[in-house]
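Presented sequentially are two complexes of subunit A, the first with subunit B as partner and the second with subunit C.
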Partner chain A sequence: MISNTLKITVRTKATTTVNPSTQRVVNQLSALSASRKQPKLIKLSHEDLIKHNTIQNAWKSFTRKQETKRYQQLQQQYESIHNAMDTLKAISPSLYQMANKSDENNWYPLNMRVPTDYPANMPWVYNHKNQGKA
Partner chain B sequence: MNRTRFFSTVSRLNRTGYSTVEPVHHLVPINKAALRPGLQELLLPKDDIRSPGYKPTNIGQDRVRDYYDAHLKSNLMLQLYIHGEETTDGNKHRSWGTDSPYKLYRKMRKPKGLSRATKDIKPIAPKNIPELTGININLYNREALEDSWLNISSRLQIAQITNVKPKRIFNKSNIVQWKCREGKPCGCKVHLTGEDMHQFLSTLTELVLPRIRTFQGISKKSGDHNGNISFGLSPEDIKFFPEIENFQELFPNLFGFHITLQTSARTDEQARLLLSSLGFPFH
Partner chain C sequence: MIRNTIIRHYSSITATPVISSTVLLARNPVITRDLPAFEKSYYKYQNELWKRLMWTFPKWFYYRGGTLGDHRFKELNKPPVYNNPTMEFTDGRPEIRQSRDRRFKQELRLPKTYKQAEDGSEIVDEYSSDSLSRKINPNSRVTQADEKNDTTSLERKLSRSLYLVISEDNKTWTFPNFAVSQEHEIPLHKVAEDGIYNLGGQGLNYYNVSSKPCHVISSSDNNEFFIKSQIVSGQFKPASSTVKFMWLAKEELPKYLNNDYYNEIQHLLNDI
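This part shows the complex of A and B:
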């Protein structure tokens, strides 16, 4: 008897039956939406902020130095290519013509890979034969 | 009837308060509400760690970037160098002439032959070695015109693959036969740069494209004459992305999309050479 009255008087959570395919779409939408995914703002003390900025500045100057070094190297390579071609032109015009052909359509082979931290067990195929271009 | 007009002096005296701020007549409209001190922290640049929009960068090694910088750049410069090359003018929009005042403000004449203008091709130098600048992914979802909830699936699919939240795209015109309505959402797009771009590129070239049986390579004819090359993937190919492959029951509907590889190369030939060095086959 008591349980019956409870059933009538106490409000329980409404049970709505949602189609499983509808539920999937709802889940997909909640995965996309930004709510509750934004991490909390880091509250840094003044000292921590100075530390952070120092590290950032050091990293920036390090990368800038690296970039200028790379660019200088490229510049030097470019100059040496230019000088070599100038010399070749003076020494042997026929070889110069052969060397100065456009090499745009000579694609890189597919076997050439971006290096990885953990290369394959057999990193190099010694008796490899390239089948045509690419 | 006398209709003389009186200027009221009473209303000004009856007002409860008056502004203490001197009226300043800005030539540029300024949103004063945005200048209040509570919003000062929102004015911080996004690379400042105190900003709410701060996102850490350089959180890992970018091996495609490293490979390009260390090896490919100098190789490409050597390969593309032509001695004594001069700047080739691109196909530009032309003027109609100056002999008539009517021609002065007329819209420029179309470029010769091609309908689209092309840029000047400068000789190769350390400054302008071709580089991958971005990857554009465009997913037009035709099925979503009937079932609009499929837009959500397509957006989640792209977000899952690329790690970037995609933007919605909308129909631009009314075409009755295709059930297109202006302003109706119909898929999504995303523009990848930096680490996300390199991550997507290595997934594509190492895990997805080698496993597509029918894939022979990107078509040689693909390209927009300005060094951007595009190709498409069908819904069957999408299964090979590891982010989708391992959660197949969560993605019952898969959609193909178009990928545009944007490069700083001035011609399609140079762009193809660059992409072949990054592991894309051509046929």
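This part shows the complex of A and C:
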């Protein structure tokens, strides 16, 4: 009788009956969700807000200047090519024909390196030998 | 005026108009550009804002509780001061969520893959030289050629585009210029290629950007067409010792080139 009542009152650890794969999904979602992970909002004072806006405006004008400079240079380069081709057409039509062939098979070389933050141990490949040429 | 002298070097006097092909042989940047001070400070500011607004690192997802990794992580990242109700905080009460004070950015220190001494330097043992987990020490962005100011080296100014200039008398410097013969009709970029190979040897791999000329300088009877190309590998090694050459960045060119000549072609050159 006593043992019977004891059985009822003893509390054991709650056993969750969640599938392990479901538990994994729950874990993954907990890493992705925003709950209890978001920082406090930044509340800038009036002075700090002015500072922030000044920085952003300076950046905007800086990038705008760079963009206009780049655009102007590209336009100049385009006009240069146009002018050069026109001159070539007037002087030597045969050279113009040869120059005006499509460049679509002129692939960019695959062994050209992409710029990295730090140089490789050997920054430049020196030992190149042209196979086709004598 | 200088144009006439350049062409006279390579071509015999023929019937008008004289056509010549000039190569703008560039060495592309090997490393990323140097950031100016303004950009550097702006990126730093944005990075700090981004860190401040970042969510808390889900530590429980990457380090399961009770494991060795979790222990190492806890050793490096001490929990912040908790919100003790019996204490006074002069600069605001801490708001701890997931053991992070959400008023500030979270600064994480991750366990290193190599053994560290007390001062943070790497302990070098016999296994560390070829171990994958060794500390990465990047090479210097300033090379030996920069220190010696060796203008003929391809390893100088790695963050900039360099252009090849040559000189026969060590006084007047020009881009390599080659006359196009009147009898054999050879395309301009082919003339440039053959000229570069004859002048600088065969040990040079280059990429011709286009067969179309990118610029022309026309005087009374001379037409100098510009062909853009980029050196991929190998080096420019003049066969004759009289030919001097240099690899120069855009802002160094006006020192060596004729002023009018430079102003006419400066938009073709890369700023980076």
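Heads up, the rule we're going with is that the second predicted complex is superposed on the first by the 106 of 134 C-alpha atoms of A that agree within 3 Å, B and C clash if a C-alpha of one lies under 4 Å from a C-alpha of the other, contacts with A are read in each partner's own complex, and residues count from 1 in each chain.
FYI, a contact is a pair of C-beta atoms (placed from the backbone, for glycine too) under 8 Å apart; a residue touches a chain by one contact, two chains touch by 3 or more.
Remember, it's a predicted structure, so these values are computed and weren't measured experimentally.
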{"item": "Which of subunit B and subunit C A:T116 touches, first, second, both or neither", "value": "both"}
{"item": "In the superposition, subunit B vs subunit C on subunit A residues touched", "value": "C"}
{"item": "Partner chain in contact with A:S80 - subunit B first, subunit C second, else both or neither", "value": "second"}
{"item": "Which of subunit B and subunit C A:L49 touches, first, second, both or neither", "value": "first"}
{"item": "Partner chain(s) touched by A:H128 [first = subunit B, second = subunit C, both, neither]", "value": "second"}
{"item": "Touching partner for A:W59 - first (subunit B), second (subunit C), both, neither", "value": "both"}
{"item": "Partner chain in contact with A:N106 - subunit B first, subunit C second, else both or neither", "value": "both"}
{"item": "Contacts of A:K40 with subunit B and subunit C, given as first, second, both or neither", "value": "second"}
{"item": "Which superposed partner A:Q28 touches (first subunit B, second subunit C, both, neither)", "value": "both"}
{"item": "Common interface residues of subunit A - those touching subunit B in one complex and subunit C in the other", "value": "28, 31, 34, 42, 59, 73, 77, 81, 85, 100, 103, 106, 108, 112-113, 115-117"}
{"item": "Of all residues in subunit B, those that touch subunit A in their complex", "value": "49-50, 52, 58, 63-64, 67, 69, 73-74, 77-84, 125-126, 129, 149, 152-153, 155-156, 159, 165, 202, 206, 217, 250, 252, 267, 269-270, 272-273, 276-279, 281-283"}
{"item": "Interfacial residue positions of subunit A with respect to subunit C in the complex", "value": "27-28, 30-31, 34, 36-40, 42, 55, 58-59, 62, 73, 76-77, 80-81, 83-85, 87-88, 91-92, 94-95, 98-101, 103, 106, 108-109, 111-113, 115-121, 123-130, 133"}
{"item": "Residue ranges of subunit C touching subunit A (in the complex, touch as defined)", "value": "17, 19, 28-33, 38-39, 42, 45, 49, 52-56, 58, 60-61, 95, 97-98, 102-106, 138-141, 143, 154-155, 158-159, 180, 185, 187-189, 197, 202-205, 207-208, 210-216, 218, 223, 225-226, 230, 232-235, 267-268, 271"}
{"item": "In the complex with subunit B, residue positions of subunit A that touch it", "value": "24-25, 28-29, 31-32, 34, 41-42, 44, 49, 52, 59, 70-71, 73-75, 77-78, 81-82, 85-86, 89, 96, 100, 102-108, 110, 112-117, 134"}
